[in-house]
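We call the chains A, B, C and D, going by the order they appear; numbering starts again at 1 in every chain.
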Amino acid sequence: MLGASGYAGQELCGLIARHPSLELAFAAANERAGDCMRVAGRSVRLEPLAEVALDRAALVFSALPHGVSAPWAARARAAGAKVVDLSADFRPGNPAAAAEIPYGLTELARDEVRSAGMVANPGCYPTAILLALAPVARAGLIAPRAVIAVSAASGTTGAGRAARADLLFSEVSEDYRAYGVGNAHRHVPEMRAMLGEMGAEGDLVFTPHLLPVARGILATITLPIAESLEDPLTLWRDAYAGEPFIEITAESPTLHDVTRRNVVRISVTPAAGTRQPALIILAAIDNLLKGAAGQAVQNANLMLGLVEGEGLPC
Amino acid sequence: MLGASGYAGQELCGLIARHPSLELAFAAANERAGDCMRVAGRSVRLEPLAEVALDRAALVFSALPHGVSAPWAARARAAGAKVVDLSADFRPGNPAAAAEIPYGLTELARDEVRSAGMVANPGCYPTAILLALAPVARAGLIAPRAVIAVSAASGTTGAGRAARADLLFSEVSEDYRAYGVGNAHRHVPEMRAMLGEMGAEGDLVFTPHLLPVARGILATITLPIAESLEDPLTLWRDAYAGEPFIEITAESPTLHDVTRRNVVRISVTPAAGTRQPALIILAAIDNLLKGAAGQAVQNANLMLGLVEGEGLPC
Amino acid sequence: MLGASGYAGQELCGLIARHPSLELAFAAANERAGDCMRVAGRSVRLEPLAEVALDRAALVFSALPHGVSAPWAARARAAGAKVVDLSADFRPGNPAAAAEIPYGLTELARDEVRSAGMVANPGCYPTAILLALAPVARAGLIAPRAVIAVSAASGTTGAGRAARADLLFSEVSEDYRAYGVGNAHRHVPEMRAMLGEMGAEGDLVFTPHLLPVARGILATITLPIAESLEDPLTLWRDAYAGEPFIEITAESPTLHDVTRRNVVRISVTPAAGTRQPALIILAAIDNLLKGAAGQAVQNANLMLGLVEGEGLPC
Amino acid sequence: MLGASGYAGQELCGLIARHPSLELAFAAANERAGDCMRVAGRSVRLEPLAEVALDRAALVFSALPHGVSAPWAARARAAGAKVVDLSADFRPGNPAAAAEIPYGLTELARDEVRSAGMVANPGCYPTAILLALAPVARAGLIAPRAVIAVSAASGTTGAGRAARADLLFSEVSEDYRAYGVGNAHRHVPEMRAMLGEMGAEGDLVFTPHLLPVARGILATITLPIAESLEDPLTLWRDAYAGEPFIEITAESPTLHDVTRRNVVRISVTPAAGTRQPALIILAAIDNLLKGAAGQAVQNANLMLGLVEGEGLPC
């Protein structure tokens, strides 16, 4: 595990430590190297990145920062390890993206993941949003030239563990704010690329917000559709039949429904009283699990020939 | 003041008590009648509704619940008092709405309010959303058949003070959830009616959410527009030039920017990289001030021939 | 499981459902009977209390309200089941207390619990406070006529799930308040009785507070001692050597250290610069785990001849 | 105003700007010099500390950090200004303390403050705790060799605005923790010195905690007393009769009772069922107002011959 000291890294160490078929070979970090961290009830020392023997692991997870991760992932590959990279570096629309590195939205890319040497683990927002949109995008039902309005909100662990004055409790508590407004967020390229692959014709407009909660993402998607659907839930239920980590519900999902679980929970509701048919699609995930460490383990399980859901809380 | 025991009622009592030209004639309530409430540093007894002599006040505010308020407002009018009604009862699209009762979005209806005997004070969400949309709606720039996607989030004081298990701290803290999904919220009719009056052709799709904060509303509006605007802020700045309670800013407004202030703060940002031009409009208010008690005092000031901003924190 | 719908009851259902050697025979409740509740990822229907066949379980947990629990516990015993009762009813100093019903502070009462047919599961505050004080009380080191000043703070799940206006998010967020001031809290009798049994001579003064958090208790104990101790931690480390669910640390424990874990974490620090020697003892627990459901499972494991820590997160 | 960029400094700028008889001559800061800050609805530029002409103000407030403040306060005095210093530097028990610099616990030191050229504004915790203890200390009723157990909890604005990883929202939310345990907090010397002056014989043991709230302090004091008091509230009511900023109440004070108000609110309750008589004294303040900026204005008003309560919210 490279980049073990951030919130996603620490969560991933915990999943590995409790996993019946995995073992934590090493936990390496840059800034907090030398510190100890509690993982699944015991203390683990963070090794300096530069001192890690990368060949000690059959599979290396990297949760290093964007830009830093790519060269380390390459070194791990060179040392013979498979790699699940949690940074943006290898995702579609980003500099190090490559055809042979699948975008690990597990439920949509099982076969590619299973045979891959390296997987680009999706961003937290894209995980919720792309899984929510895939059924309707693939069915070709998004209205031509539709604006796909995505207003999403994330807990503060999504912003990382570095000391920043704007993330102090005094600043975040009793506040709520948008950021990256105008399609400026780092996750827009990967969402746009994947929506294009799914055949969605619309224009994504993505507005993320910071919530005064620690964990969880809720994406609220307002989607003009080509024609109104009798029973929209059926489209989603059919698309995800049998998926243990995807829940389609009639009631709106809440953060409490999904925190500390490796699931995405999705509801779909038609807008009443509009001339242009539209759907409101809501998707909730735990940003540290299904949105990061949990999905990373799903991918790793597949890459190692294990049962996909092993070691994952549902 | 009728309906003084709720959050908006209590806020309004405080504004009245500190107002240089107003005095609190009485504070009446139903459920908590007999209790004492702290208002601006002193204790005020809540009178039973049925015992109030309505002619003791030149102007009566009613913050009674929807449905309960209309008959009391009528009684106050009959007793000779002017009335500012904070319930939904007299708002456009609601049962007791009437042409002679203006919808008191103060900045857009000054003349009607000034000469009215009764004013329907707007809902908290509509205040933020309609003030945000008015400039572009009136300019006829909303794309034909556009879906006006409004994702808004409110603090818990917007849900009132009644004991409800789903509003317990244990349930709301670390949660975030949508409600009234699919245009089912009580405020949709008044927003739709007013957007129609402004000439907006699009379809409103409104999704409110409950935030783990006590006060504040942020509305995030994704709006397809007919053609892209060079400098969208100018349209809003021109529309609201000289308005002391409307702030147009380049940065996104936050709840902290507006809480305990009687302002709406609005930003407008073009969406990058879309074929269909679209704007992201953000509007923040304090739901208890500009969204309720503050705007009620703005209206009352006008109705009583006082300076509009008297007694209001900015 | 009787009384499954409250926060402790729901937590206990989850522990039972995930326990390798236990199975949830039934989940019964009064007010929410008929509702479904999510337990460990699946939906469980709450049976009406009156319809439960109590002999379906070898051991019955009751998390019914105080006063209601005692007769149901008796019925379960009569039906042949062992009982772990989480209410106050059978605890020392309470009406239904009895010599043959041990007070299940597991680490201090293993032998009695192992052979008991019924165990009174301790209150959440007493669990933290008595485990913190036991080593020094048993060593006879509390100063004669000392005032044992206990200021403790609990998350809101400790106050239950019933709709109460004073527990609304709007009221609790950004607040902090004491309650039961002056030794008026329900847990005082059991703490006083147990301190007496341990030989503590001092007078307990217990002041609980409500925290704006959902889970966790931190007790801050200021304790005058007969003579200053060179290395106070040693006394606690020796007393609890080998205990998997008790952590003695040099650093002060925090709620984050213990939430979602079945442990009590204790630190002991001498007060600097005083003539009268005194210790500050801090003890943190998760009120729903070590303070309720977790300790109940510890006791049940012993009563059923299982390994004490089976099925418990540490 | 020196040190205007911190939370207390910003609060103080707001009080000055709204004060009927004061005007904000300058707002200077070190780290954020050049930035603009919103003060009472308008934007104020933070001047670099080194460029301020200190003689532009009749009275200078310094909220600079401890250690940094003393030389700047001296310079302001040399330039002819009176000074209210909010740092610890000039408080009893601290390096720059001096007999001619009164400790500005306003209600207890009016005469000295009125004629002083410089006043040491008390710390936030000491304000609550000393005002709570003064009546019983001065009456000589604290038990000889009593341990005065003070467990106090503060909101995060008390810890300042500097970026610190342990104060991130992700770390503080849903947490509660003690710090400075064992009488290690910076405020202990000033409390000990002042308690000595009041004739209190007991030993202070002070344990502060960090609350997941932004504003407010609640101190919970467990105090062994020499003999039990019939009606303890009377002692406090008599001691503080006529004080507009001190409220003595039968109910326990909460943070909500005092935030955004310049008051201390105190309750006193005898402990039931103890052999050694003891009181539980609770005191709540807003750490930024009565605990810092508000009390500073009280002192400044006296020093400038104004009415003590001018410009202060009660």
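The rule is short, and it goes like this: a residue touches a chain if its C-beta (ideal position, glycine included) is under 8 Å from a C-beta of that chain, and two chains touch if they have at least 3 such contacts.
From a predicted model like this one, the values you see are computed outputs, not experimental measurements.
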item: Most distant chain from subunit C, judged by the mean position of its C-alpha atoms; value: B
item: Interface residue overlap between copies subunit C and subunit D, same or different (over half shared); value: same
item: Mean-CA-position distance for subunit B and subunit A (Å); value: 37
item: Mean-CA-position distance for subunit D and subunit A (Å); value: 46
item: Sites on subunit C at which at least two other chains make contact; value: 155, 171, 173-174, 212-214
item: Residue ranges of subunit D in contact with subunit B within the complex; value: 41, 173-174, 260-261, 313-314
item: Interfacial residue positions of subunit D with respect to subunit C in the complex; value: 145-147, 149, 151, 153, 155, 171, 173-179, 181-184, 188, 192, 203-205, 207, 209, 211-216, 218, 220, 222, 224, 252-256, 259, 267, 269-276, 278, 280, 282
item: Touch list for subunit D against partner subunit A, complex; value: 7, 155-157, 161-165, 167-174, 212-214
